[in-house]
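Scrolling down, you'll hit the structures one after another.
What follows is a pair of complexes built around chain A, which joins chain B in one and chain C in the other.
Entry: the complex of A and B
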């Protein structure tokens, strides 16, 4: 199946579900309070785009959430990738860090909120840190696993051909792990993005994650649904961007 | 004439027919009676996970006995989740704050208000760091308050009434346990907070600036209302009446033995006895009879329009619309129809 056909089928599926959803809402098959129809969500989107939500323009909510998530993700990549490489390349070092990483990684990040507030306060640091922790830990684990899949023969062959240190990394290890590294980054970004809600529960008064939680407590299901659409759409777009980056940086993905 | 004669000489078949007719009649009568006294299979009562006097009835099965059906108790941490539970038809009754109730009503959530058995008096307090001695000192300071709570509403009202510069006061939405942590770190200067949390802050050198009761002369009331799902009240009015009377019985029990009830609740919640006792003492408990007076709800829908709590519902709605939590167009023109006076009167005849 070629790409444009896949895209068209996907589009038709989305259109079909949206239509069925609208009809269910209009005919009161589903109570609009429980599931507002798409048309109501569009109206809410227009209202919020014009008047903002709780005194902050809608685009600022999104920009703030993006800044928090992307900032945390950039930091997580800068810290996580080298650390993961080191853990994968030096088994001794890996053995030291592994128990801590594996302990923290599956921890629900909501559980960390009280401690994060005590240690880092209620400012932006705490919010970014929470996203950073969840993204960085998966990046470390994924990167270390990728490095450990490099076959011994390849490294030996590289050495025999005179590659050492940085050259060995640049021409043997990196090309091998790059495709897997991108998969790790994509998954980790998804995990970081899901932590946004938890992060924005710390003393926030802006951000899409905060908007969803706040609107929920006033039964504003239309705003909740709009927030979910924005969160999902943005996450989707950013994943596509990472995928594009992968195609550019590691065009041999899936072919080697 | 023939019919007359035939009726006077009843045959066996006629008797049978008559009997059948009577049988059908009495059956339909029984069914219609069953409809008015119908009982649900189960009654689900929502309650706030905080010490609340009426919840003492959960511990000894008073509600199961009085309602004559199986009772399930569904906890919720604050008013917001309570609205979701009502919308999803997961609970039939609940008692929670007036601010979320107003938000639910303006979203056309099918619920009815059944009075206000708990009025906040001293349970919610504004506590500040030492050095802040007047309300005016709050300008330029950071105040933590639980989001979408009655305290958030009271704080805004306080700023408005005292003509403080709202733009100079940083309000930080924080859950109450997180507020304690932020206070200890010095991230906040003051907080509007519920019991038992303020006890810890006062012990830590905090200074009490105000309790919610002091806002009442300015028309600002904060209270918890009993609510019922409209559909439930229509189908099972007798059960709703019995529930209300049982709620009242629990408050009567608390009034006659505050320490005993506090001790039971402290054990049930795993909280210190003193904290529970002080939290419960911070609320006022007008009886339902009292509530149906000009002091609270008025004695019926006609006299209700300028009853203080009906007015307060309108004020809360205006506040929520102003802050952008609810749409202005969604606010009902009057909150009188949201109160089920008929049911209240049936449960508590004057």
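Entry: the complex of A and C
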């Protein structure tokens, strides 16, 4: 099946479900308070875009969430990739860090919230730190794994051509793991984005994650749904952006 | 022979440790072989006999457990472009174009472009890669990838070329075309080649001499001088009476070696090398 056909089928599926959902809401098949129909969510979106939610314009909620997530993700990449590379390349170093990384990685990051608040207060630092921790751990593990799976024959080819030590790393191993590195970054971004809601639950007064939680406590299901659509759509768009970056930087992904 | 051979392997033994199984595999035992400068030698043997291990020792990927391995009188050091290697799978770098793959070693060594550019151009012509210089290597066919791999190894003007079943993964037509291309290219540059294969016809068509290895642990059991003058034409050589006779005799030796009981206690699957 080619790409445009897949896309069209996907689009048709989304349109079909949206229509069924709208009908279910309008005919009161489903209580609109529990599941507001799409048209109501659109109305809410227009309202919030004009008047804001709890005193903050909608775009500012989104910008704040994006800034937190992207800032934390950028920092996680800058810290996680070199650490993962070092762990993969130097088994001794890897052995030292591995138990800590493996302990923290599967840990639900919500459990860290009390500590993070205690240590860093309830400001921006805590929220960004929580997203950072989630994404960085996943990046470290993925990067280290990518380094250790470079085929022996490929490393031998590099050595036979005169690449040793740092040159081998820089000109053979690093470009080799680029496709896998992008996969790791995409997965880690998803994890970081997921942590956003948790991070924005920490005594916040703005951000899409906060908006969803806050609206829930006032039974504003339309705002909750809108927040979910924004969170999902933004995550999707950012993943597509990373995919585009991968296709540009490593066009041989999955082909060599 | 008045001068000593370029490559000397003397009473070489190679053991691999298998820690988990707590035993050792003896890949090579008492292997001796000399290859003269400009000579084309094929290593032929049953699978798992340690053919590739011989190349690994010469490349510098592995060190012998016992015995001596020298090239040009000097012990083999770490891997270097002065021993060109072509593997069965073209281990090209997919992030580099054809020309950048070929010039990788030269650029890494910091050689001036004025030196490697003309050489690369010459090799591109010789390997029939003209017009593909700036193509991505993952877009090429298997045969073309191997041509790039050969050019990449050859550009550094290596003392010898080590080839580990380089055409083994290609279809029959492409394989023959590659064999002819290799011979034609070698008419122009008299490189020393050590070529591992399990294909008897390939060995007879390409080499000056065939060294037949025993089953594991590997050593040389028989050496056969291939009597055909160069340049060689495939259809002429396979039509010769002696071709069939040599093929039969080599096949008999190989069968005998494959049937020979191997050192069961020393066997280990963990270090199968080919």
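FYI, the second predicted complex is superposed on the first by the 254 of 256 C-alpha atoms of A that agree within 3 Å, B and C clash if a C-alpha of one lies under 4 Å from a C-alpha of the other, contacts with A are read in each partner's own complex, and residues count from 1 in each chain.
Convention: a contact is a pair of C-beta atoms (placed from the backbone, for glycine too) under 8 Å apart; a residue touches a chain by one contact, two chains touch by 3 or more.
Note that the structure is predicted; figures quoted are calculated from it, not measured.
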Q) Putting chain B and chain C onto chain A via the overlay, clash or fit? A) fit
(Q) Just checking: does A:204 make contact with chain B only, chain C only, both, or neither of them? Give me first, second, both or neither. (A) first
Q. Does chain B (first) or chain C (second) touch A:45, or do both, or does neither?
A. neither
Q.
Just to be sure I read the superposition right, which of the two partners does A:252 touch: chain B = first, chain C = second, or both, or neither?
A. second
Q: Check whether A:66 is in contact with chain B, with chain C, with both or with neither, and answer first, second, both or neither.
A: neither
Q) Looking at the overlay, what does A:217 touch: chain B (first), chain C (second), both, or neither? A) first
Q.
Contact-wise, after the overlay, does A:54 reach chain B, chain C, both or neither (first, second, both, neither)?
A. first
Q) Thinking of the overlay built on chain A, is A:97 touched by chain B (first), by chain C (second), by both, or by neither? A) neither
Q) At the CA centre of chain A, how far apart in angle are the CA centres of chain B and chain C, to the nearest 10 degrees? A) 150
**Q.** chain A residues touched by each partner, larger count belonging to chain B or chain C
**A.** B
(Q) After superposing the two complexes on chain A, what is the shortest C-alpha distance between chain B and chain C, in Å? (A) 51
Q) Which parts of chain A are touched by chain B and by chain C alike? A) none
Q.
If we count contacts the way the header does, which residues on chain A are in touch with chain B in the complex?
A. 31, 33-34, 47, 51-55, 113-114, 117-118, 121-123, 202-205, 214, 216-221
Q: Would you mind writing out the residues of chain B in touch with chain A in their complex?
A: 78-81, 83-84, 87-88, 100, 103-104, 107-109, 144, 147-148, 171-174, 177-178, 181-182, 184-185, 187-188, 320, 323-327
(Q) Considering only the defined contacts, which chain A positions touch chain C in the complex? (A) 153-154, 156-157, 159-164, 167, 171-172, 175-176, 178, 250-252, 255-256
(Q) List the residues on chain C that touch chain A in their complex, please. (A) 59-61, 78-81, 83-85, 87, 89, 91-95, 104-105, 108-109, 136-138, 152-153, 156
